[in-house]
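Chain nomenclature is as follows: A, B, C and D, assigned in order of appearance, with residue numbering initiated at 1 for each chain independently.
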Amino acid sequence: MSRIRPIGLLSSVSIALFALSIYYVLLVVPVEREMGIVQKIFYLHVPMAITGFIFFFLAFLFSIFYLKRQNRKWDIFAASSVEIGLLLTTLVLITGSIWARPIWNTWWTWDPRLTATFILWLIYSAYLILRLSVDNEGKRAVFCAVMAIVGFVDVPIVFLSARIWRSIHPVVVKTRSIAIEPKMGIALLLFMAAFISLGAILLWLRTSLSIFEGKLLSLEKQGGN
Amino acid sequence: MAAGDKQPVVRVEGLTMEFHGIKALDDVGFCLGRGEFLSLFGPNGAGKTTLLKILGFLLKPTAGHVWMNGQEPDTRNGNARKEIGLVSHNSLLYDDLTVMENLEFYASLYGIVNPGERIEALLGRVVLYRQRHLMVKILSRGMQQRLSIARSLLNEPSLLLLDEPYGGLDPSASAMLTSHLKELRDQARTIIMVTHDLTRGLEVASKVGILSRGKLVFLQNTDGINPENLSDHYHRHLEVH
Amino acid sequence: MGAFVGLIKKDLTVALRRKETFVSMVFFAILILFIMNMAIGMGEKISPDMAAGILWVAVLFSSISGLGSTFSMEKTNRCIDGLLISPVHSATVFLAKMTVNLAFLSLAEMIIVPLFLVLYGNHVQSLHLSLLLIILLLNLGLTSIGTLISGITAGSRRNDVLLPILLFPVITPLIAFTIKATGALFAGAPFQEYAPWLKLTAAFALIFSTAGYFLFEHVLREN
Amino acid sequence: MKNIGYLAAGYMVVWSGLLLYLWRLLSIQNGLQRRLAVLEEGAGPQAGDNEDDPE
């Protein structure tokens, strides 16, 4: 708990970024013509989706490190990354749904990107269920590492397969090159930075909690020694 | 030490195994020559199973070395395992296969071609030849344990690991196991047995050791050791730590 | 090579003597074919895509019981310790287990698929021998990842519930490709039209066989 | 200005989701600190006796 300084600094930066982003999106960025004001959910939605994805990728890397080194630290890092990635993905699904209701006139549709994101959500939820179902620490770490690797390897195939369903998802990149205003791009980048800093803070908090718990557990195991 | 002139079959030095910051093994070292029988005692969680796993090349130690017949094999190299046999309190046998089929299967794992003769000889030695076409599931626990011994000898291992082999055996089966173990010892095999049972462990051993919290706190030849003073040692060492 | 053959022979012998695995695989598929018929409303006309979906859902569910049992038999009497202590490479164990699972699934499908054609034949507009190719590719994909995950669930509590929980999300792309290809085949489309889906199915099988080949070692040691 | 309710709902969901997660982390931390306190308290009197005995 003595290393409060860097995390304190990062927290202030993150809060400032969020305040700035919200201000910018609500008051500076113009309202999109076709979709109206609801479109502003996008500035949260897209950066969260990207950040969530980054965390799944981190979990994949940490899991490989774990299998190579068998160091408990990497297992904790991987599990924390999955948890944060899953949190963001859940929010992505909900915000997407809230956006879709007025625009597409439905809460949910089996559009490729929605479907793929939903499958990702299922894969990483299953990962957390697996964590709950194995008691032995070493065993749990290895099994979960394997699942995190398998899950991430599956991601490109998931996105390919989701194309089977018809697409009504707006192609963001295309809009940007033609019609997106520079201010919209700035808003996206601001929120991107805000969410990445938040993710880093959450990862730091989550891992230090797990490390603390591990130390506590070994103290408890040693009993009155 | 006992067979000092020859190369030791197994030599262990500075073996340390850390799981998530807890030392399951702490600087364990010993040396066994041909024909030596080491009985290792210790409470649950003393690191006995970890030690056996390392000796079976299933785990790579955090630090330290294991030499087999003068060589230090790589954990990933399966060939080192050809020199190892294992008898545990679990039979490691398939219930739905016959005695012969079980042994034939294990022979195939060790790449033994035409194992027929060897299997028959082994079955004769553990007195199971007449039962060779019976399913393992209808054999008694004692018979299964004898079959386990035959299985562990298929590859003519230079080091035999015994993990609580008396577990679940009734007195008569235990007595039979003891006589089989003595026979193995007299055939100049090197054996390491891990057990809770001080009396039985001492009966067959030529060396005894006590593991406590990952440390090998006691290691001696059995000359002059009887069940009483071994029990004293055991309790004293456990209390000290 | 001797070990590979030995492993397969052993697994097949055990499975032949314990018939319940295979019987329950087939019976489960029959149940699903029946329940699906109720779900769509008896006698309703359905599209070829939907018919394909019903077939593969039945196969997917029946595969679970087979995948679970080939690994769990190593856990009784700790036979797995015997495998681990032997010089056999874990990748060999993986390939042997996968082969056995493949054999069982294919065997079960020899009953399930004809039965499906009997029950749902009037929704299938066209049938072609390339259905066999689709089945083979699906089986390869399903058993490659299924063998790896069955190793994980065998080492956990409540393994029979956990296997579908872990397997189904990962397997959805494979099922989607297969249903699409089979639906096209049932609708009478030419081979070129659904060949791209088959390529993806093959890629899936290849990727997860490779993953299993390298990752199985870790899974095996923790069991 | 129509649909502003959806926008508000979207922002609310995100913030409350993140806050919920932070709250969960805090409650985990509280639980751990309670366990630590129990451990430090109980360390004195109940000095460890060995529960494992040779058979």
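Convention: contacts are C-beta pairs under 8 Å (C-beta built on N, C-alpha and C of every residue); 3 or more make two chains touch, one makes a residue touch a chain.
Quick caveat, the model's predicted, so the values are computed rather than measured.
J.: Of all chains present, which has the mean Cα position farthest from that of chain D?
T.: Farthest from chain D by mean C-alpha position: B.
J.: Could you see whether A-B or A-C has the larger number of C-beta contact pairs?
T.: If we tally the contacting C-beta pairs, A-C comes out ahead.
J.: List the centre-to-centre spacing of chain A and chain B in whole Å, with centres computed as mean CA coordinates.
T.: The answer is 49 Å.
J.: Roughly how many whole angstrom separate the Cα centroids of chain A and chain C?
T.: 32
J.: Using Cα averages as centroids, what's the distance between chain B and chain D in whole Å?
T.: Taking the average C-alpha coordinate of chain B and of chain D, the gap between them is 45 Å.
J.: Could you tell me the distance, in whole angstrom, between the mean C-alpha positions of chain B and chain C?
T.: Chain centres of chain B and chain C, defined by C-alpha means, are spaced 39 Å apart.
J.: Check each residue of chain D and list the ones that touch at least two other chains.
T.: Correct list: empty.
J.: Please set out, as single numbers or ranges, the residues of chain A touching at least two other chains.
T.: Residue numbers touching two or more other chains: 138.
J.: Can you list the chain C residues in contact with two or more other chains?
T.: Expected reply: 221.
J.: If you look only at chain C, which of its residues touch chain A in the complex?
T.: Contacts found on chain C: 145, 148-149, 152, 155-158, 162, 165-166, 168-170, 172-174, 176-177, 180, 200, 203-204, 207-208, 211, 215, 218-219, 221-222.
J.: Mind pulling up the chain C residues that touch chain B in the complex?
T.: The touching residues are 2-3, 5-7, 9-10, 13-14, 17-18, 73, 76-79, 81-89, 221.
J.: Mind pulling up the chain A residues that touch chain D in the complex?
T.: 36-38, 40-41, 44-45, 48, 87, 90-91, 94-95, 98-99, 101-102, 198, 202, 205-206, 209, 212-213, 216, 219-220, 222-225
J.: Where on chain D is chain A touching in the complex?
T.: For chain D paired with chain A, touching residues are 1-4, 6-7, 9-11, 13-14, 17-18, 21-22, 25, 28-29, 32, 35-36, 39, 42-43, 46-48.
J.: Note which residues of chain A are touching chain C in the complex, please.
T.: For this pair, the touching residues of chain A are 67, 119, 122-123, 125-126, 129-130, 133-136, 138-139, 142-143, 145-147, 149-151, 153-154, 157-158, 160-162, 164.
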